[in-house]
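In the two complexes below, chain A is the common chain; its partner is chain B in one and chain C in the other.
So, the complex of A and B:
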């Protein structure tokens, strides 16, 4: 059976098992209709021109894994930021693992979507925010909405700073031969609230995994959110990440995406600026090889005056990997005095590697400063020779130059422990030991 | 008197199309509509050989199966292809030996446009093959060209006199099934120019053609074919103006350039078709397919100044097939009032050490929309490919839009690709700086706009620069010149 038919058929089953008082039942039905009409996007869709989902639809995924899978902490410790104290929301095969998690309701809410759906005290938040930022027209987001059940729910109240960073980790245990999960995250920073979030998807075996995740972030007036996405998954794991960010005036949201692996990774990152004096920061480092495919699809929609956005994506592509960058900036007629910058630099290491880049500007206001730049090139042979002449072996020299290339993005990481972790992953990727930290 | 940007904007909006007039010449026109009979009749009318008729019919068959493209960032009322007459020719035949024999009314038209044949003959040394509603009426400097073995004539004449060349090259760069409008053009092209430069010949003068749309309800389907044989050089100029008219007119041209080994072709266009009035009524639809193919060590350079048309859909492209070949694209697109332009280029790198440069300048005013859409593609075999692209947009007023859609696809590790784009308005501090140096605001704006487009204007041949300046003036009077 085609994956689309299978999903549609299992929605009926899923719907029957739902609570009678499910607060979003109508929304689910509307959303599944959107998915039914549009189906999976194909290469004929302009937004999916360079990324084909045909390959990952051939697998017979199980959609509802058995409850209570257990993973030994020692096995997965390395995927946590164990050096520091954090709140943790851990899901194994899409099911919440209370054993590995650390939630809180003390002053801030770091808990589960399933709880937020059920408990009456969260009803006003669900009503106010749920599915308000996510696209209603996007078929994959709609698919997620119709099945949404579990995920992270974070609410930081007015003028509160989350005391610890929050980790959201999705493991797939490999109990099922092939698994499709659809986590749904909702993150709200009320006026003047601040938080840092680290999000990770990790497959623990070689079994096929397909994750179609939707995250909605809401930054109210003067709020600040830092989100770090670490994607360093196995060659059998595919990820479609749909992140929607709704910003109100004076808020600052930054999203760092580190893509180091996975069979197919698609990051749909959408910023909507609904207020003045907003700052949106989008940064990314991609280092991949083998037959991996990473697609960054960003949108920054400037709707109000005096806002800024900064985009900086670096990519290093080895072997037969493919990279896609599609960045879109829209500046509405109202959004005068907008400053929007977009930068995409790429290095191709091998002839079989491919990069497709489409930096796009749509500007309807005149008093704006918008620019984008895109380069594709190689490491500077002269610089490499210089390093070699100073006694640095070629391999290390190349790694140094690549570090330097990605450094612009790395240095804006505010959490030292995340920076260190990323450095470690990069060093491992490049196969070198570097006696310094950046 | 202080001249502000506001005033410039107002002037731009209220500026009527200066060259909007209509010459009444008896025309021999086909009834409206398109079917196989029309294609056959058209071919017969032009006394074409059988292979050409078959070629047209084949294209018509392909066209019938195709859909009008929707992807461009433009909105317009779709033309009704059955409501167009596919042939119209100035009636008074036969061809003239000298200018005195030409219909005085026609000459008057040219004079109004500032294309004085005599003057050009004397001063510029430009051979002009004027196409007015599809049929060549005057050709100059033919003898000088013939001495060198250069063939420069209308495409209908070339089909009759040089069928082997036309048959070999027509459709080789833009195949019949390339796109909707190319297929339509292949089926019903009325006339156009053909140019062949023999081996090792450097064309001693700029070749130029003027296109005009004259008869109401006549689609103009030009077909241009330029072949530069090994080691030759040619600079080709194309300029267009059209009369003011209320109903939309369709123009779907195809231009094919072939640069064989070591050859160089320079193709310059100045386009100033009726853009519609300040309410967005009327105007020409310009859907053009232009493409050149570069063989080893050859070079093709496109330069265009686009100021007219209600809707422009145009992507002059280079296929860099041979090693060490070079493609260039320089463009200024000015849109005003309700004009919409979706234009850009494609650079397809196939050979080794191929280079391409793209400089695109967009100026939008009024309620117009100006888009750059480009593709730079490096195939896995194109070692050491090099590309530099720059797209700058200048916005005047907050009701216009500037858009950039660059596609960059690289599959070779040795390729070096740079792309940059900026959007800005005329800075108040720039004007202030000029004021402070004793330059009044009007001159300052002129300086800035001139400076903004200079990189492209510089690429135009001397003979054309005057014309280009003149056309820019119409769109941006008070700011240029």
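So, the complex of A and C:
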């Protein structure tokens, strides 16, 4: 059976098992119809021209894993920011692991979507926010909506700063021969609230994993959210990440996406500015090799005046890896005095590596500052010789140059422990021990 | 200390060095002068091990050891230093972090541990003040947006930190005003000892007023066509290079 048919058939079973009280039943039914009509996107869709999902649909995924906690902490400790105190929302094969998690309801809510769906005290938040930022038309987001069951639910009330960073980690354990999971995250920063989130999808197995995640972030007036996505998965893990961010006036949201691979990674990162004086920051470092594929599709929709967006994506592609950057900026007629900047720089290490980079600006206002720049090049051989002539071996020299290249993006990481972790991953990725840090 | 024997080198199909012989002993300063296109910069690149140049004949020896097969970094570990005519800009790496990486890479090659942070700091302070480099400069990205003088001063700062056996100064005077020239030259003079050697490559005599050579060689058309003492440099300054070209043509 094709994956689409299988998903549609499973939905009937899934629906039957739902609570009668399910607050989003109608929405699920509407959403599955969207998916039924549109199916998986193909290369004929403009937005999927360079990323084919054909191959990953050939696997017979298990859709409803058994509810078992089968991972021990020592095995997965390295995936956590264990150096500092954090709240943790950990899911194994899509199922919540209370053993590995650390939730809270003390002043802030760091808990589960399943709880938010069930508990009456969260109903108003579900009503107000659920699926309000996510696209109703996007087939894969709709698919996720129809099956929404578990994920992170975070609510930081008015003028409150989350006292610790929050980690959201999805493990796949390999208990199933192949697994598809669809986590659903809802993250709300009420007026003047602040938080930092680290999100990670990690396969612990060689078995195929397909993750189709939807995260909705809401930054109310003057709120601040920093989200760090660490994508450093096994070669059998594919990720479709659909992130939607709804910002109100005076809010600042930054998303750093560190893509060090997996099999296929597609990041759909969408910012909607619904108020004045908003700042949206989108940063990315991609370092991949082998036959890995990473696709960044970003959208910043400037709907109101006097807002800013800053986009900076750096990519280093080795071997036969392929990358895509498609950065869309829409400036509505109303959105005068917009400052929108976009930068995408790429280095191809080998002839077989490919990058498709496409800026897409749709500007309807006349008093704006918008710029975009894109470069594709190779590592600077003269610079490498310069480093070697100072005694730095070629391998380390290359690493240093790549570091330097990615440095702008790392500089804006506000959490030192995240920066350190990323440095470490990059060093490992480049196969060097670094006698320097930047 | 540095011995060059019958060195021939080409880039792509063009032969640039056509049989260079040169010996530099410890404690000596040699200058290579010559008109544009004579092969001065090629010579310095070849000694430093640049891969773009193919050595077709001859050899380079350091302390009696043939270094022809060594990578640029291995030559650096053995004590060769090249001050670049056009130092490369590397945004995202500060001067300090760069020199730390270089020092520790050299130590690692010698089987030593990383230099302790306080020792490194002390050394950086000492050497940077010798070259009148201020602190802000050290935290800037390597050569990015540096003036000509700052770039060259930074090269000599690296030389001071790495303490090479043989320092090759490739057109170190170009782009320098007279004050910067004096500071750079003073730096080089302070680093000079009986155990190291300096090879100054320059188009003009000006730098040699400050870094006084023991020997001057004239490079023309890929060969050393004349050698002499520092008076030769003055003669070249006065008469230009045309007479050398004529002599060579005969």
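Quick notes on this one:
Heads up, the rule we're going with is that the second predicted complex is superposed on the first by the 438 of 438 C-alpha atoms of A that agree within 3 Å, B and C clash if a C-alpha of one lies under 4 Å from a C-alpha of the other, contacts with A are read in each partner's own complex, and residues count from 1 in each chain.
The rule we apply is simple: a contact is a pair of C-beta atoms (placed from the backbone, for glycine too) under 8 Å apart; a residue touches a chain by one contact, two chains touch by 3 or more.
Computed from a predicted structure; not experimentally measured.
Applying the stated clash criterion after superposition on chain A shows that chain B and chain C can sit side by side.
Touch criterion met: A:403 reaches chain C, while chain B stays clear of it. With both structures placed on the common chain, the touch criterion links A:37 to neither chain B nor chain C.
In the overlay built on the shared chain, the residue A:17 is in contact with neither chain B nor chain C.
By the touch criterion defined above, A:380 reaches chain C but does not reach chain B. One of chain B and chain C touches more residues of chain A, and that partner is B. Of the two partner chains, chain C is the only one that A:393 touches; chain B does not reach it.
In the superposed model, A:58 makes contact with neither chain B nor chain C. For the pair chain B and chain C, the minimum alpha-carbon spacing after aligning on chain A is 16 Å. Shared interface residues of chain A, touching chain B in one complex and chain C in the other, do not exist. Across the complex, chain C is touched by residues 380, 382-383, 385-394, 396-397, 400-401, 403-408, 435-438 of chain A.
Against chain A, the residues of chain C that register as touching in their complex are 48-51, 71-73, 75-77, 81-82, 84, 87-94, 97-98, 100-102, 104-106, 108-109, 114, 158, 162. Chain A meets chain B in the complex at residues 46, 333, 336, 346, 348-378.
The part of chain B that touches chain A in the complex is made up of residues 71, 380, 393, 395-425.
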